[in-house]
């Protein structure tokens, strides 16, 4: 009998099969091929509203069955986990119901479109966790090896206390005035624009890497092109010809400053208008003893400056994060053979399966997702109120002890789930 | 009935399951998930000498059955293709037998350990092709999107005539004197060292991108550390402690100069001693109207200099090769989401399946593999004869017509198989 | 008779001889050696409070005479221009008096320590200009060839309308907690910290490159290390040993967001705490048709993304700004031979001499200096008022005509003074 | 009395005033302004064949007098040093005569056009040195701070034993077929093409940085465009229109492999056909404990890989060579303010003045220049003889003692003259 058969199954139902559904499928498929897992993910059911299209997607993506109503899978005994890849406006309803039905939940980011939804989801997750049912939100970039390494190095004190954070998430897919409207430019469907879509990632990474929360913000949101062509269908950026136009109701650019719970100032920008930047998710953390920098356009590299070095030979090191000792990497290829975007989804599946088998809370939890939502909400409120500084009281810790007069006393605990093998 | 079931199957038997076997498995598995294929690859049989270990590998990698003798699969009617991932010294025998048995063959590079073997294999492939049985060699780097784009741009004349080529393949895994002996340092098993292992790749890429052959070489081979520790088992590079030492019988560094069939001078270096270079496979082609440059350490990028630009704003462009129009990329993720090392193996499977379904010769053919082998052989002969320039007569074309007095008249035909779907 | 002698002299008195005095001296000395000037700068008098030290500096730097009171040089008939390189707190008094005495003035940045001083200086410059006496402020980075090229390309419409600006000025010389107090950490002497010292540069460059002004800001200022050692003398960053400590009274980090007069949002950060960043003055401008990016750590390079390119071969171009057609460069060395930090001071001298000879207003004018000061002042007021958005009414143009619904209608006029000879 | 006046003068006569004459003038002018020198260089006489043009050049460049015959300055008592910036074919005669006349000599590279001339010059220098008259050759790139740092780090053992060297010098100014003939494409005047013009630099840097000599080579030389337009005057690359054409009699591309006296293999390429590479002089040294890499297109940076680092955080460090502790840098600007091409000429003047005042042999000596010439000569002979390996017996040391079986036993002595202040 094969080893796979010897492992208990983890039977998954996935709701939605667009971009994120394809990425999650690749994650479930790859996890047991490269990592030694305590249970075997089974791609059991794909849920889509149209049976025909769901069937075709299931064939392509490798799911055994299809359903057309997500409520049906909650009633089935042979489903252990619901993986939610639908638009954000549906997350709260499905996730809450699934948890209530005793199904573990993985929900793609953004966790919700509103703060109220996110709070309800976090509360539901707390209730479910008490009974051993777990919820996780899919901030997959945490599983890029270079980012996991950054977090480990901060936790180990390699750059000392966190002094400053600067983040950018630069894309250019709306920089063309002729790019048509889509659900992503519609506030009713998307909740917000660059802020929630990509700004959410850099807020979560700041939380993840530093082990701290954003404690308050001053923000501004801009919509640079107020009207766009109405596309018959949103199919790429080629719809220059159309004559009908409609309003863009979300932000094109989000900018905010603030500080972390440990006092470090932080600056953030998310934009869809930076011509030439395809997916430049960048984060730099300056500590009291060094710096770390990452850019997703060079995703297998982490830059480290160690201030303890002799000034004569110090400099940012370009760490190629493909060594066996690097997070997740040892399970893949020999040194020097880089990973791609989708590998984060495999690592997400691995970490989730392992946490569930161990009866532990997977991360990022719904509480982590709620923390991001609180920051986005504060940015929106600040932007609507002349950028006035807006506290996030829920993120303020109890008064810190001692006083060194210097920023950065709060240091994260060592990372737990980022090793491969 | 599912689409997959509606497609005719292509039943594969894979021989060997180490590094390359894992990569090929990932290729077969991923191809039908992301590309629209005319037939459905079926991972039918894994062949390994130990039944137990083969069974465990088959479970992990996703193969249905196992065999312990590769000759058995040649006798089976339900196998269409034999995928050979064993050490190079076994390639000739297995490939020749498989072709004779009417099985299509994919053989991992290096095609063979000697020129004589390669010649025999190419002859066998010619005979088989006459009957519709096809052979292909796995120079997978041809399927990195940035490299396929480079080849297309050369073929389109974007950089004019090819004037010069410079290649490096820099690694550092033997730079540590304490790294132990392995089959890769043993001439009997590996054939050669850096020359055949990684030098072969840059020779093939030169052939592929320029559409020309290396016509002659002057070479040198060096073994920088003549003795190394004997490892009880070769398990990483940590065996500094051992006291027994043995000889390294292959080259650590290979350097050669030469020219292409169109007259362009070319320079090559392959080394395992470049501390800090993890997998720096680099190729730069200078043409009469521009230049192209690639480095595998930044594998989603191709650099292009277009000499037709205004000198005031000209400069190497950093093309992020993740746009839908780029080779293979449109089948994966939205723009800006990079691929990794293993995606080349998916593309290899895709191109092979398509060629077989169309009854066409897949590339690189055994003739292409033989061409690389001829260059490696000439380098070895030159290195053994005081670096004297050594012609490769088989690569010399019939006399070119006309005479412009300038290097680079030979331009490759447009690429055929590098688009996704 | 020599050509130099045939040119009318421009006799200069320089006040101050520290870092900036050395740089200005190099500028005056080099200008006539590489550029064809209409008049000949004469390094006539160096002014310093201590006669001995001024004499030693004059010998080293190449000035003919010394004075110990700047008022003396205003009385001399043989001085045409006063070059002010003293600390910012003295600029207003000296510059105003020199202009009143009919001397042209070059004042190093920051133009003044307070907005009131800057306003008085700008008014004095207006009065003087009516009589043909000119004033200029030394934002020398405008004369880095790559930056002058950026400005020209924006003015020519190469990147279309300005849509967004992002700026960083990252240094690390205070990142060490043990770095001692200096005049730069003392608000009474320096006016502000990172904001005025380096933030001023990125504000001026934004004005220069875009041809627009910052129209309003939301800012925050942080002092990360509140107390530092008292150094007996400020001599490098080695004073870890001292036990006496005193307060830092300026900002270590300045962050602000805002928008330009044409509506484009902009984001700025200036810090002295970014370990590993030595002089990373960065500016990126995203337009409707492309992007430009610059980093002073790679000062001979400008990056350009042209959105009109085919998506398949588009990418940021690394323009090496050392071609004869590039601003200022033709007067120096053959293509490919980069310039350094100090060359901006030569170019400044060249542009100033030419403007004076032509009877034209040199740029940046005191009005330009005042514009920067207004932005810094608004940042400080916003930072003191919970980051609330703070308008800069003086920068608001009359209502723009028409309405395209898109940001970026305001385009700068073509550059005037940036070519070499 | 001024300090300058208190220092003894070093009175210089410079022969030639084209590109190199301008660069040397900038060196002599700048040296005493930034460095504390034991004697004061005096720019006394400029020698040129045309009195009018020499006078104009002297005015622009800052020389006091002119002469039209270099022999005249050898007769003058008030000249201490002759600085030779004429074409290479004249170097031997002028240098030999100047040394015989008791004048110190600085001669621009290439030291000579032939090996015989170089040998005669080295012999003359030996004779002169015995009497205290010194000769130096102007391989100025040795004085780029990043390169001087590289040499110091090798000498200190930071990268262990030298295992491999790879060098490229890539330019593109002849890549355009329409670029006209010039003295640089004429063997009679230039001696060779890319080999002697830029290949000489990478050979000298290899000698300098490793402390070893090239011991033998296998080379090839190619002329890619055999005929070019005859320009009425060689004035840039714009002469596409001309119809008359003439032959190119020098190499466009030089490629050679070889090994150092310590046994390390080395690979070299010099080309004028690499479109987009403006002045990419690159050298990488791999040692037993790390690597160093430099590219002149990023001249203020040295990359260092330290193999002693933890593999998890190791990576090439981008050392920004602008710190006070770096060679020469402390005399210029604060940290982070980069230098340019011409600063090497200032450093050359500084090191030469100091060596002469101390009565020491300045470096690179004529013996060092001869060593480069021997390598170039061997490359030409090898290229003319089917690339056969060609020993350079003069560079072979006496048999090394001991035997470790590993390449790289020879380590350079610590550097002497590379510090500023």
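In this document, chain identifiers A, B, C and D correspond to the written order of the chains, with residue numbering beginning at 1 in each.
The working rule: a residue touches a chain if its C-beta (ideal position, glycine included) is under 8 Å from a C-beta of that chain, and two chains touch if they have at least 3 such contacts.
Which protein is which chain? UniProt says A, B, C, D = Gfo/Idh/MocA family oxidoreductase.
This structure is a prediction, so every number in the text was calculated from the model and none was measured.
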Chain pair, B-C or A-B, that carries the greater number of C-beta contacts: A-B
Furthest chain, CA centroid comparison against chain A: D
Rounded Å distance, chain A centre to chain C centre (Cα mean): 41
Cα-centroid distance, chain A relative to chain B, in whole angstrom: 36
Centre-to-centre distance between chain C and chain B (centres being mean Cα positions), rounded to whole Å: 53
Per-residue multi-chain contacts in chain B, two or more chains: 314-316, 320, 323
Partner chain C, residues of chain B touching it in the complex: 149, 153, 158, 303-304, 306, 309, 311-320, 323, 325-326
Residues of chain B defined as touching chain A within the complex: 2-4, 19, 23, 25-26, 29-30, 32-33, 55-56, 58-62, 171, 173, 236, 278-279, 296-299, 320, 322-324, 332-343
Complex contact set, residues of chain D against chain B: 159, 163-164, 166, 168, 172, 175-177, 218-220, 222, 224-227, 253, 255-257, 259, 264-265, 267, 269, 271, 273-277, 284, 286-291, 305, 307, 314-316, 386-389, 405-408
